Amino acid sequence: MAEPTPELLTKSFELGYTYTRSTGPVIGHFLSELREGRIVGTRTSDGRVLVPAAEYDPVSAEALTEFVNVGDEGVVTTWSWVVDPISHHLMQKPFAFALIQLDGADVAMLHMVDAGSESAMRSGMRVRARWAAERRGSITDIICFEPT
Amino acid sequence: MGNRVAVVGIGQTKHKSKHKDVSIAGLVRQAAERALEDAGCTWKDIDALILGKAPDMFEGVVMPELYLTDALGGNGKPVLRVHTAGSVGGSTAVVAANYVQSGAFRRVLTVSFEKQSESNATWALSPRMPFVPHVNAGAGGFFAPYMRLYMERYGVPAHIGCMVAVKDRLNALKNPYAHLQIPDISLEMVQQSPMLWEPIRFLESCPSSDGACALVLADEQHAARSPNPPAWILGTSTRADGSMYAGKDNIHPASLIACAKDVYSKAGITDPRRQIDVAELYVPFSWYEPMYLETLGLCGEGEGWKLVESGVTALDGDVPINASGGVLSSNPIGASGMLRFGEAALQVRGMAGAHQVEGARLAIGHAFGGAHSYYAMWAVSADKP
Amino acid sequence: MSETREPITGIEVPINLQFKFTAGKALTRFLTSIREGRIVGQRCPGCNNVYVPPRGMCAACGIPTEEEVSVSDEGVIESFTVVHIPIPGNPIKPPFVAANILLDGTDMACLHRVSEVDNAKVHVGMRVKARWKPREEWDYTFENIAWFRPVEGS
Amino acid sequence: MREAAIIGYTQSAQRRYAGAANESELIMPVVREVMQSVGVSQKDIDFTCSGSCDYFQGAAFAFVEGLNAVATAPPIRESHVEMDAAWALYECLLKIWSGEADLCLVYGFSKSSPGELRSVLTLQLDPYYQVPLWPDAISLAALQARAMLDAGIISERDMAEVVARSRRAALANPKAQLSGESSVEELLAQPGFVSPLRRHDCAPITDGASALLVASAETARRLCARPAWIRGIDHRMETGMLGARDLTRSPSARYAGARAGVSAGAVDVAELHAPFSHQEIILRRELGLADGVSINPSGGALAGNVMMAAGLDRFGHVATRIMQGEAGRGVAHATSGACLQQNLVAVLEA
């Protein structure tokens, strides 16, 4: 006798691949500097400094080639508190995603802040990069930012 | 069919296995800048951006227009993203033409690309979903049986596919943007290349390329002011049908027949063999050339291979096919269709350089995608309609 | 001063996403039958064509297909290719024959493997029959049919 | 430019999990139903355009399967956008304006249930600087909500009021996934999810499909007693650099709204594609919608959010109200990307 028709046939599968991205000169320079523990931005023709180093000015569409060093400290402009990290998150404890305007930059960059608890977070707080001991030229060479 | 529209700018990158020197943005930017320069435009002159791209999985970037807008001057503008499988480069150009034909936009930029080397085409195209009911024979496993059937049905000799492969690679030698450059290409070399899926040999199939293509399309007023000759779009068309259904003809697909009929009627083409000066057809496997010649009405059923054999489709033949070297020589999938459309336009503008077909006035561009399901075409002319 | 290193020109970005795939109603019914050793297609009420595997709809007519039809495990080769290269995710060693097989009682060919015959002797119009795997190996997959083999005398 | 109007719309029941049904099996009923609603079949359709995203199915070219739900012999004129189907509707309008089509079918679909939606959407970001950090869609929206709270533009109570109103309105929408009466106090008592967002501030995960018919003037009048005329429509993009944007504002929505002519008359109803409660408030401000305007009477995306169809649904719900004589003039809005990066706005009139 045939088994009853299963209502559902479901099976898990993984879509997984390690992409090999060529960076081009601007992103490559930013990442090379990051490996040395320095953060650079690009300067637009009207003098704004975009960090991380942007290849193109979002306002004028011009290609950007002039690099500017900025600090590894800055100010949190806004943040979100992840109570339950999902599997992809790099921190598996409560942490913040934040937009951080580094000293010398005119726009904020996205990264994480490890402040221990939500109550330790506020917009306007100063944070400093926590650098990885071994750096390989990736945005994750900054592990996260932490309160100063 | 709405306001007149012309191609006034064409840009493409060199196509190659790996563009290691640029980011994804840097790649599309090269093509876009070249198209703007050809059109005598700046970013500010562009009213809308239409991006075409085959599967996002190739680069692992979902809806890449969201990230690429900065590189393509899209901010503050309408941006639309098309995806119609392999035909996408062509169907994206059709949508871009519609923007201008509608009367609401004067100059638009359309861009398509593939940075295939960020992943691996075979990986991206291999089904990994469970319960797939068919035997997995790879992409060619779907297409090859129909080429074999074509050969059997019409008694086509095996060297025809090799002849197409040689012809397109010889043309590629005249196109500095073409990926494959094989100076000593010969019939023997193709015939001795490994068999992949019978009857398809390695050199009868397309490469996997990084590359981008961009077009600037303009209305009548701006076309008149453009620094280089415009290619007037006489008609565009797209057709699609389901991947598999009973009675589907996979040799002379109904969707391509309908697409061609539509574009010919819009362009006033009643005798394609006589009227069309040059055609850029999406031929990823060499056997498609003779099959398309028949489906596109350039000859009768079962006659396509004879045109190939007699040299009609060679660069010096009376209907040159893929003077650029075609998809067999460069295949950045998302851009491959737009390259066909752009190369057709280059020909009627008289700007194709070493692969220029002397005196070309009317050309067609064609793109194909899916399981003989998605087709896009346009006809372009040196003469204003 | 730090040693100078080669500038970064590329990065590797692993992207791994988990999915839970659902076979769909029509395919579920098909796979449930094939697990019992039966090939059950669906007939389109519009064009009367029988589809195997069924999709629950006819792409020609754009209407649902519900009527189930048991079909033969024997049919005819409509077209085929000999695959000479290894296919990722497919353990079959090349060269092997992949053929569009029109099963008796159906109106659209399905792609399957043909074996137990010299590849050079496979031809369009050849009659073939399913070679089922041993019953204890049957699962929710068309691969319960290991391959198709020529019908004697064909 | 030729006039165009929406003349039919159908959506499937919005469900967390569509069970055995695959994408094609979700599309077919809505496509058939919308065509039956105006008495046409596929042979009457001049152009068909769909919106979907391969990544939700985890397979390249997944959208191709959707076409099986449509009659394609003889072959059809067709296109597909890898965007919300509201942009597929826009592509149909281009065809109508160009004189290339009179009757167009649009459909959008997705199942978000099989995958990891938050992480799939991460892949929309800058692949070099942002993706390796895996910022998920909800965390990014939360950055925007925080910026608004910090700027004093909204309070958490305002956000809860949007949710309470959405759930209440959805009681009248039999297709809605989430509906019910809940007080602002109850909502505010819920814990943080990705703070400042609570779970109810975020659109649910939904499986489903929607279909819509849009026609040129003559065809619309022939097939529909009270077409919903598209009087103005525009779409605009913003930079992908989140940190370069003022997240409390949406200049692209404002500009598109102005170009669409939102302020040219009184608005009875607006359906705003806001997958997060605070985004409805941004959009209301940027589009200049007065206090009396009925916002998201369908419940909006917070009551059911079929990715790649939720924007089209906004058009469908406004059009339905106009076609049924319940509204005279409405605004429909669709969005794409993180934090309202790209916006499409239209004005529909009786």
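Letters A, B, C and D mark the chains in the order given here, with residues in each chain numbered from 1 onward.
Quick note on the criterion: contacts are C-beta pairs under 8 Å (C-beta built on N, C-alpha and C of every residue); 3 or more make two chains touch, one makes a residue touch a chain.
Keep in mind that this is a model prediction, so the values were computed, not measured.
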- Shortest chain-hopping distance from chain A out to chain C: 1
- Message: C-D versus A-D: which interface comes out with more C-beta contact pairs?
- Response: A-D
- Message: Based on mean C-alpha positions, I'd like to know which chain lies farthest from chain C.
- Response: A
- Task: Determine the centre-to-centre distance between chain C and chain D, using the mean Cα coordinates as centres, and give it in whole Å.
- Result: 37
- Item | Euclidean distance of C-alpha centroids - chain B vs chain C, Å | 30
- Query: In angstrom, rounded to a whole number, how far apart do the mean CA points of chain B and chain D lie?
  - Reply: 33
- Check: chain B positions touching at least 2 other chains come out as 20-21, 23-24, 57, 59-60, 69-70, 75, 123-124, 127-131, 241-243, 245, 247-248
- Note on the structure: Where chain D touches two or more other chains simultaneously, the residues are 19-20, 55, 58, 67-68, 70, 72-73, 116, 119-120, 123, 127-128, 132, 239-241
- Residues of chain A that touch at least two other chains are 8-9, 11, 13-15, 17, 19-23, 27, 31, 54, 58, 138
- Query: Connecting every touching chain pair, does the picture come out as line, ring, star, complete or other?
  - Reply: complete
- Task: Name, in rising order, each residue of chain A that touches chain C in their complex.
- Result: 2-3, 5-6, 8-23, 28-29, 31-32, 35-36, 137-138
- Write out the stretch or stretches of chain B touching chain D in their complex. 1-3, 23-24, 49, 53-63, 65-70, 74-85, 91, 94-95, 98-99, 101-104, 124-125, 127-129, 237-243, 245, 247-248, 254-255, 258-259, 262, 370-371, 373-374
- Item | Footprint of chain A on chain C - complex, ascending | 2, 5, 7-23, 27-29, 31-32, 36, 140
- Within their complex, state which residues of chain A touch chain D. 7-9, 13, 15, 19, 21, 23, 27, 30-31, 50-52, 54, 58, 77-84, 86-90, 97-99, 101, 107-112, 118, 123, 138-140
- Task: Please give the residue numbers of chain D that touch chain B in the complex, ascending.
- Result: 1, 53-55, 58-61, 63-65, 67-68, 70, 72-83, 87, 90-91, 93-95, 97-100, 120-121, 123-128, 234-241, 251-252, 255, 336-338, 341-342
